[in-house]
Every structure is written in C-alpha cells, then in structure tokens.
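Note that the chains are named A, B and C in the order they appear, and that numbering of residues resets to 1 at the start of each chain.
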Amino acid sequence: MTTPENAVAALLDKQAIHEVVMRYCRGIDRLDFDLVRSAYHPDGIDHHTGFDGPVDDFVAWVAPKLRAIGGTMHHVGNHLVELRGDHAVSETYCTAAHWGGGDGIGMVDFTSGCRYVDLMERRDGVWAIAERWAVREWTRSDAGRLTVPESAGPRGRRDGSDPLDSASARLA
Amino acid sequence: MTTPENAVAALLDKQAIHEVVMRYCRGIDRLDFDLVRSAYHPDGIDHHTGFDGPVDDFVAWVAPKLRAIGGTMHHVGNHLVELRGDHAVSETYCTAAHWGGGDGIGMVDFTSGCRYVDLMERRDGVWAIAERWAVREWTRSDAGRLTVPESAGPRGRRDGSDPLDSASARLA
Amino acid sequence: MTTPENAVAALLDKQAIHEVVMRYCRGIDRLDFDLVRSAYHPDGIDHHTGFDGPVDDFVAWVAPKLRAIGGTMHHVGNHLVELRGDHAVSETYCTAAHWGGGDGIGMVDFTSGCRYVDLMERRDGVWAIAERWAVREWTRSDAGRLTVPESAGPRGRRDGSDPLDSASARLA
C-alpha cells in the first residue's frame, strides 16, 4: 500500500539509482574509471556488445577503447525503475556521441542509441548495479559531420582539468 | 504557500506525471499498446501531425505505422510541470529515432525533435493525459547513416523478449 | 549525516536546481529572455564560446543570434548536483538542435553537445546560477538533412502562441 512515507522512500530510492547511472556516464566520459567501478557492486556483471563479464574486466576492456578516441558524451533520459525492496530493475535511455581519434581504429565519429537495463541491488544501504545489459538499439555514422570546436571557450577535458573540476574545487 | 509538506507532495506529483510520459514512450517503443493507452484517461485526446482524436483511435492509427518499421526510440529530457491541484500542464522534450522497415513506406531512417505538451488530470488519485499536443519541431533524415547492429550482444526486442522483460522476470 | 529529513531536503534542492536549468532552456527556445534572466542571479556570470560576462550582457549577445535563426531545441539529460549548504555545483548534459534562418549567417542547421557546469547559489531561498560554463563538446552539421515540417499539426512557436501557452491558459 502506498502511504506518504513509502512514496517518499520510493522517490529517494529512484533518485539514488538514477545517480548510479549518471555517475557511470560521468566516469566513462571523463575517463574516471574509479567512478565507473563505483556504479557496480564489486561482483557486478556487465553485458555489452562484445563483452560479457565482471566489472573489473569490463573496465579493463573499455578503458583503452575510450582512451583511443577523442571523447564521448553519454546523454541519458527516460529512467523508469521498478522497486522491490532491496532489488530493482532500472531502464535508462542513452544517446551516446563518440568523436575523434587516430587513423586505423575503425569508425570513430558516430552516435548510438542504447538502453541500460540494470538489475540494481541495495547492499549496506548502497544501491549499485548487480547486472547490466547495455542494449544497443541503433548506430548512426556522423563521419564528415562531427567536429570538435577549436576556438577559445569552455571545453571538455578528460585529464582532471575539466570545468567541472574547477567548479567543484570552488565548493570545497 | 510552500510548506515542506506541500513541496514534497508537489515532487511526488511531478514524478508521477513524469512516469506517465515515460510509460507512453516505453509503450510506443516496445509496441505495448496497453501501456500506451494507460498513459491517457479513457476519454483522453491526442493531437499529432496527421491525427486529432481520442486515444483509442490514436492507438489504432499509430500501431500499424510503428509495426511497419524496424524500431523507435523516444528519448525524453526536459520535463517542466505546472501543478494546479488535480490539473497540470506538463511539457516534455523528446528526440525520437526511427529506423528500418520495408520498401515503399516512405522515409524510415529519421530522427525528429518534438515537445509533448500535456494537460494532465488526476482522477481517483491517478495522473494521466487528458489532452496531448505532440509538437513537432524538426525532422532530420538519417538515410544512409543509421544501422542496426547485427553482431551478437544485447539487442532491443518488441515481442516481449526484450532484456527488460528478462530482467523484470528476475525481480518477481 | 544523512537522515530522512535532510535526504528529502536534498531532493527538493536538486529539483529546484534542475528547474532552474530547464527554465533557462525553455527561455532560450521560446525567445523568452525574462525567463532566461530569471535562471541567473542578477550578478550572475556566463561563459560561452565567444562570450564571457554578466547575464544581462549575455542576453544582449545571444538574443539576436537566436532571433536570426528558425528555432532551437535544448534537450537536457544527466543532471548531477553536489550540494554544499547554500552552494552547489550542477552539471547538466545538453544536446541542442538549431535550424533555419536566412542566407549569410553561417552554419544554421546543426546540433551541438554541451555540458552546463553551474555554480548555483541559494539566496533568500531561491536557487539560481551564480556562474556558468557552457562547455562545448562537439558540433555536428545537419546541413541538407534537417527540415521543419510544413504540413498541418501542432508546431512550435516563439511568439507567445506555442501550444504550451494555450495549454497553460487553460489551467488558469
């Protein structure tokens, strides 16, 4: 039965789960692999196109791919969560842009649509991914159309000097 | 006047309304038309490009169009809600990818930007759409650039065997 | 320490901050510059590619650029907020479509990916931007592919006659 108290508890759970997904995206996009790992329980499992296995192996597999290209942006939207006590199924829509990188590494300027289907678990009060399926829906080549602006202005960095890092430092 | 109690009540209403919009998207993308219908009150009205009328007629109009193509992904973002008791105006931004399908059905690989402007009503405690305007902003042809990956890996399905269905079954 | 009370207070703060970001987007996309201004404190600072300065100057700089083209849609997603009392750092992902406009004003049909990195402050109970970095990540030309539908149906307007305006009028 829904009471105001458990409606609020559900909202807090959904927000916590949503932040897990968003921290994953930030970690991938900023090459912060500790942050990526923190989105999973230590024994969490990931299923990607081309990979199935535990999170540590996933990070070892994905990190060099990300370092080989210029950047990524994993923009998420729709986040629907079904809660069942300390377990939940979370679905998140993602549109991911990929750009830049050297010759000979295959398609680099492309955007893909995927849905993250996650079995989430709360352990010791902390929600994280127990098992993830990164469901690939479509891929669009943006070859010849995608550019990274070169003029002055706020630019994304993946070496700890992003504007986000400077702003966060001013909070401290 | 905003008190902590009604601030929380407003947040719960906004979340409930947001989930209505997201269930509509999931229903459309998974061809789950009962879910689509559940986003509207039984006498709800929909205005789309090429359609104006009650929700049952909308579903009858849109279902064959969706079945004729390979898939869709309605990725939503900005969700601003103005609450007025049991009524609300909800605006949601959506970027929708469409792909695949047979010859002779017109443009199939395209992405469009729209805003869902919804008059929402709460009846018997349940928020749903009373009237919707699907405001089309732009359309981009992705012809020749959009592909559905064919290699192994988690893939979207619209026949009840999506990874989301498997994950949800594990919750039960 | 997190107690239920301050967890809820944090959620309310995050929602308030998210609405600041979304009101900015609505203001830009509907050419409602009072709404844009209201997202910033009166002495707020903005850093864009090609602009650094106070919000009033920012509005004076951006308004003619927006009026010269046919329309924009600033679709936001990932919103991660770090709260510290009356200060916060807010990061928001945005994918922005731009279309239409006359000859001789440079690239008009394009989409860009950016992140809004915002130092938010609460003053007299109101959260707003104290300083913003609009971090440009990528730009994609959609020349020759982006169109605005011309057939009948709900269409976006930037002159106060958008379907959102009509719907809001019905709430009153």
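Definition applied: a residue touches a chain if its C-beta (ideal position, glycine included) is under 8 Å from a C-beta of that chain, and two chains touch if they have at least 3 such contacts.
On a predicted model such as this, the values are computed, not experimentally measured, just so you know.
Q: Nearest 5 degrees, what's the C-alpha rotation angle taking subunit A to subunit B?
A: The C-alpha superposition of subunit A onto subunit B needs 120 degrees.
Q: Same or different: at the subunit B/subunit C interface, is the fraction of residue numbers used by both copies above or below half?
A: Result for this pair: different.
Q: Roughly how far is subunit B from subunit C, centre to centre by C-alpha average, rounded to an integer in Å?
A: Taking the mean C-alpha position of each chain, the two centres sit 23 Å apart.
Q: Could you list which residues of subunit A touch at least two other chains?
A: 8, 11, 77, 95, 142, in rising order.
Q: So in the complex, the part of subunit A that touches subunit C is made up of which residues?
A: 8, 11-12, 15, 19, 22-23, 25-26, 71, 73-77, 95, 97, 99, 142, 145-149, 151-156, 162-164, 167-168, 170-171
Q: Please output the residues of subunit A touching subunit B within their complex, sorted ascending.
A: By the definition above, subunit A touches subunit B via 4, 7-8, 11, 14, 47-50, 77-80, 82, 84, 87-89, 91, 93-95, 113, 115, 117-119, 131, 133-142.
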